[in-house]
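In the part that follows, the structures are each spelled out as structure tokens.
There are two complexes below, and they share chain A, which is joined by chain B in the first and by chain C in the second.
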Partner chain A sequence: MSVLKLFHKHPELNTASILLVETERQHQDKLAEAILAAQRSFNVNVHLADSLPLPTKNEANRPRIDLVVFIVNHFNSHSLELTKSYLQHLDVMYFLGRLCFLVSDARSAKSDRDILHAVREMAAQYSSPLLFTELQTEQGLATAADRLLVFTKVSAGFVPGVSSLFLNTLTSCSHPMESSPTKLSDTD
Partner chain B sequence: MAKRPQRRDVPGDLHSTPNISKPRGYFSGNLETGLPSSRKYASLRKPPSSREINKANNLSKKIDPEQISLLIGKDWHLHYVTPLYKFSHSEIRTYSRQLSAFIAAEKQKGVPFDMGSDNIFRVNFSIILGIAEKEEDSEAVFIQIYAKQFFAIQGTTENVIWSGWLACVNCSTEYISSLPPRFTYFPLFCSNGPETMTAIVRTWFQKTFDCSFGNLTMNYSNLGWLAAIWTDCKQTVDFKYLKLSWTLPLRPPLDITYTINSEDVWELWNSVHKENDQITSEEMGQFMYSLESHFFRHFKVHLTFGELIEVSTSLGLVQKNGRIKFLSGERMPAILTLLTENAVLMMPI
Partner chain C sequence: MDVFQKLNTASQKLGQAVKINYWTPADPTSNNEESYKYMFRLKHQLAKQCEDMKIRLKIDEDSNFLNPTSEAKLDITEALTELETARNQHQKTTLALHRAQVSSTISEKVVKEDKQTEAIKETVNHTLRLYSQILNLQEEGNKLKSQLREVRKERLTLKKDALMNMEEIRKVSKMKEKKVQSMKSEVLKQGQEYLEKYLNIAALTENVFQGLILGSNVNWATDPHLREIVLQLEKNFSV
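And then the complex of A and B:
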């Protein structure tokens, strides 16, 4: 089973690479453009994919991927199932802070509550950050791009003293809390 | 590793100023007063994993058949309601008069009506006993609005032009007991009739009881539960088919109606469901998954990429945008419990 490995290739000078994976290819392009347009002090390569494993014929030309972002569609259940299956094709080193989940328009009326709950559980299970973004507006795209660039900067090692695992302890998603009636009446 | 922040609820009187609770370690500020947070309660709660369906139970045991007929056969539009302040079941006659007066006043003000300009409206509030299941649930209140022609001859009958009901079925005890006193909680509001009249009734409720309304949408799992519950009724009440409608987001959008013969769906359900009174969410998930994968095997279309819009049998019809029609009183308590829980979860705050 082909696995996307992290340390197989040499990093390039002052360059970071992001891989955006989205099953339905709705927001990838706009988000990629926003990332490229954002202000940054290093070069960024943005790669788009709709599934993992990545095709092997481009293997040689592809640079080292510093950050993998899964854009999960929470309007239907299929996207979540597929994303879970793609996670098997990632090297284990990506799970230590170089992986990020992203959902867009969580406040939309079309969103399914249970699916969003399930996405959150998945992000918590893999200890990865879950970003809630608004990818319909320009401002939202710019904000999302900035947030992703912060993660990329750390993953690519451009911030001295901060490793991606360290950032992960601060940003990983917490489990939606389990129910327990006694917790509600917790008083001082 | 950071300590998980503790959430502090601040139950207080509506009239007191907000208290900031004492910080203890890491603390996520929760400046809430008055009504306890339903969203926090909802986010803490997983959707229930099993549902009690009492097979021998239908509404006719407890409620007058005449009153059941009020609920059946009409197309209800579902809403969720926040708790009502100072609502009393004994004052319903006063409420009837007040609402009639309010409607007349709105008409005077020139609010657009689409029911004819020379009608007199009379409102009747009544209580339907038996819908509420637990002790803490408030008894259901049924509202009917009659219209009569202003220039009508004596003896012409009035027509019901709008009806609605507020209900609370099997609502969680913790939430109700955490409400401040003098609040009554009816999570579910159903309305049938012209939208302008619904808007007027909602405005009156908002002004009188300081509550707010919102539209209730049914998501995939709610529709799945209803499909499972209605399929389960096959032993007691026969129905011909189970019909599911999907919309796939293609260009142009593709609508799929998937009709299954009831014998086949009953066989499928039996193979998934254990013979007892409970339906678990695994069984429901398995049932829906089997239907979808069967469709995929034949048509190579992934139904899960689309949205489930409607579930209907001859026992009832429910749509994703919050419309439901009961055609039989079978398993009503379980269905109403499901709707109530959905309303509680959808309530903001």
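And then the complex of A and C:
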């Protein structure tokens, strides 16, 4: 089973690479553009994929991936299942802070509360950060890109003294609570 | 002198570079390949990346990484809970800090009599009005709740009384029925006995009178009274 390994390639000078994985390819392109347009002091390579494992024929040309971002669609459960299966193809070292889950438009009416809950559970299980973003607007895209760049800076080692595991302890998702929302009416 | 000047400038630059060595904040403008800042930043980056790789190597050496012993597991869980508390603490303090910042800026703006002061004052007054409304409504709600509770209590007592009364009524009616039945049977029996007795007496006396009349050879057909007595036997007494 081909696994995306972290330390098998040399890092390039002043360059970081992000891998955006999304099963339905809705927001990847816009987010990639926003990342490239953001203000930064290092070079960024953004790779797009819709499934793992990545095809082996490009193996040689691909640089070392510093951050893997899974964009999960919480409007149907299909995407969540696929994402869980993709996680098997990642090297263990990615789970120590070089992995991030991203959810867009969590406030919309179409979202399924159970699936959102399940996504949070998954993020908490793998102790990875879960970002809630708004990828429909320009401002939202820019904000999401900035947040992702902070993660990439740390995981690529550009910030001395802060390792990716340190950032992970601050940003990892916690388990959502079990209770259902309490009704506001008084019980008689 | 030229050489010394060159040496002077070079040493000054070196001194500055050493000061900068502690960490250069990255800004996009200073990506000039030649500048010292860039060089030092690259150096820090490479050092950090080497550290990460060393950690990875260390994991391979440490056999306990993938299968921690039970004591290690306890340590791990302890460490995780400590981590959670530290994180929550950090988040709380950040929130408090933000709140303090916001309130200080608001108070500054209010003092400064800016364009936004009016808006701020309006919102604050509106908020206060809403709070007082909320308190009033809560009080009313509490009063209504207590009234409701009183009514329910009364209803409960009334129900209990009603149930008790029903029970009593049922008992009393049962007793009455029993009595009536027993009385009926008693009275009936006695009445029946008496009836039979007197019927027999009446029949006897009638038969005696008939015998008398017949035996005395009196013409009973002419006298209506005698006739009555003789023919009375034909009337059936239903017993």
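The rule is simple: the second predicted complex is superposed on the first by the 178 of 188 C-alpha atoms of A that agree within 3 Å, B and C clash if a C-alpha of one lies under 4 Å from a C-alpha of the other, contacts with A are read in each partner's own complex, and residues count from 1 in each chain.
Note that contacts are C-beta pairs under 8 Å (C-beta built on N, C-alpha and C of every residue); 3 or more make two chains touch, one makes a residue touch a chain.
Note that the structure is predicted; figures quoted are calculated from it, not measured.
A.B. asks: Have a look at where A:P176 lands relative to chain B and chain C in the superposition and call it first, second, both or neither.
C.D. replies: First partner only.
A.B. asks: Who touches more of chain A, chain B or chain C?
C.D. replies: B
A.B. asks: Check whether A:A60 is in contact with chain B, with chain C, with both or with neither, and answer first, second, both or neither.
C.D. replies: neither
A.B. asks: Go through the superposed model and pick first if A:N14 touches only chain B, second if only chain C, both, or neither.
C.D. replies: The second partner, chain C, only.
A.B. asks: What part of chain A is shared between its chain B contacts and its chain C contacts?
C.D. replies: 169-170, 174, 186.
A.B. asks: Within the complex, which stretch of chain A touches chain C?
C.D. replies: Residue positions touching the partner: 6-7, 11, 13-14, 39-42, 93, 156-160, 163-164, 169-170, 174, 186.
A.B. asks: Where on chain C is chain A touching in the complex?
C.D. replies: 23, 26-28, 30-31, 41-42, 44-45, 47-49, 51-53, 55-56, 83-84, 87, 90, 145
A.B. asks: In the complex, go through chain B and note every residue touching chain A.
C.D. replies: Against chain A, the touching part of chain B is residues 1-2, 4, 6, 8-9, 21-22, 36, 41, 43-47, 174, 178, 217, 219-221, 302, 304-307, 345.
A.B. asks: Which part of chain A faces chain B closely enough to touch in the complex?
C.D. replies: The contact residues of chain A facing chain B are 75-78, 81, 109-110, 112-115, 117, 169-170, 174, 176-181, 183-188.
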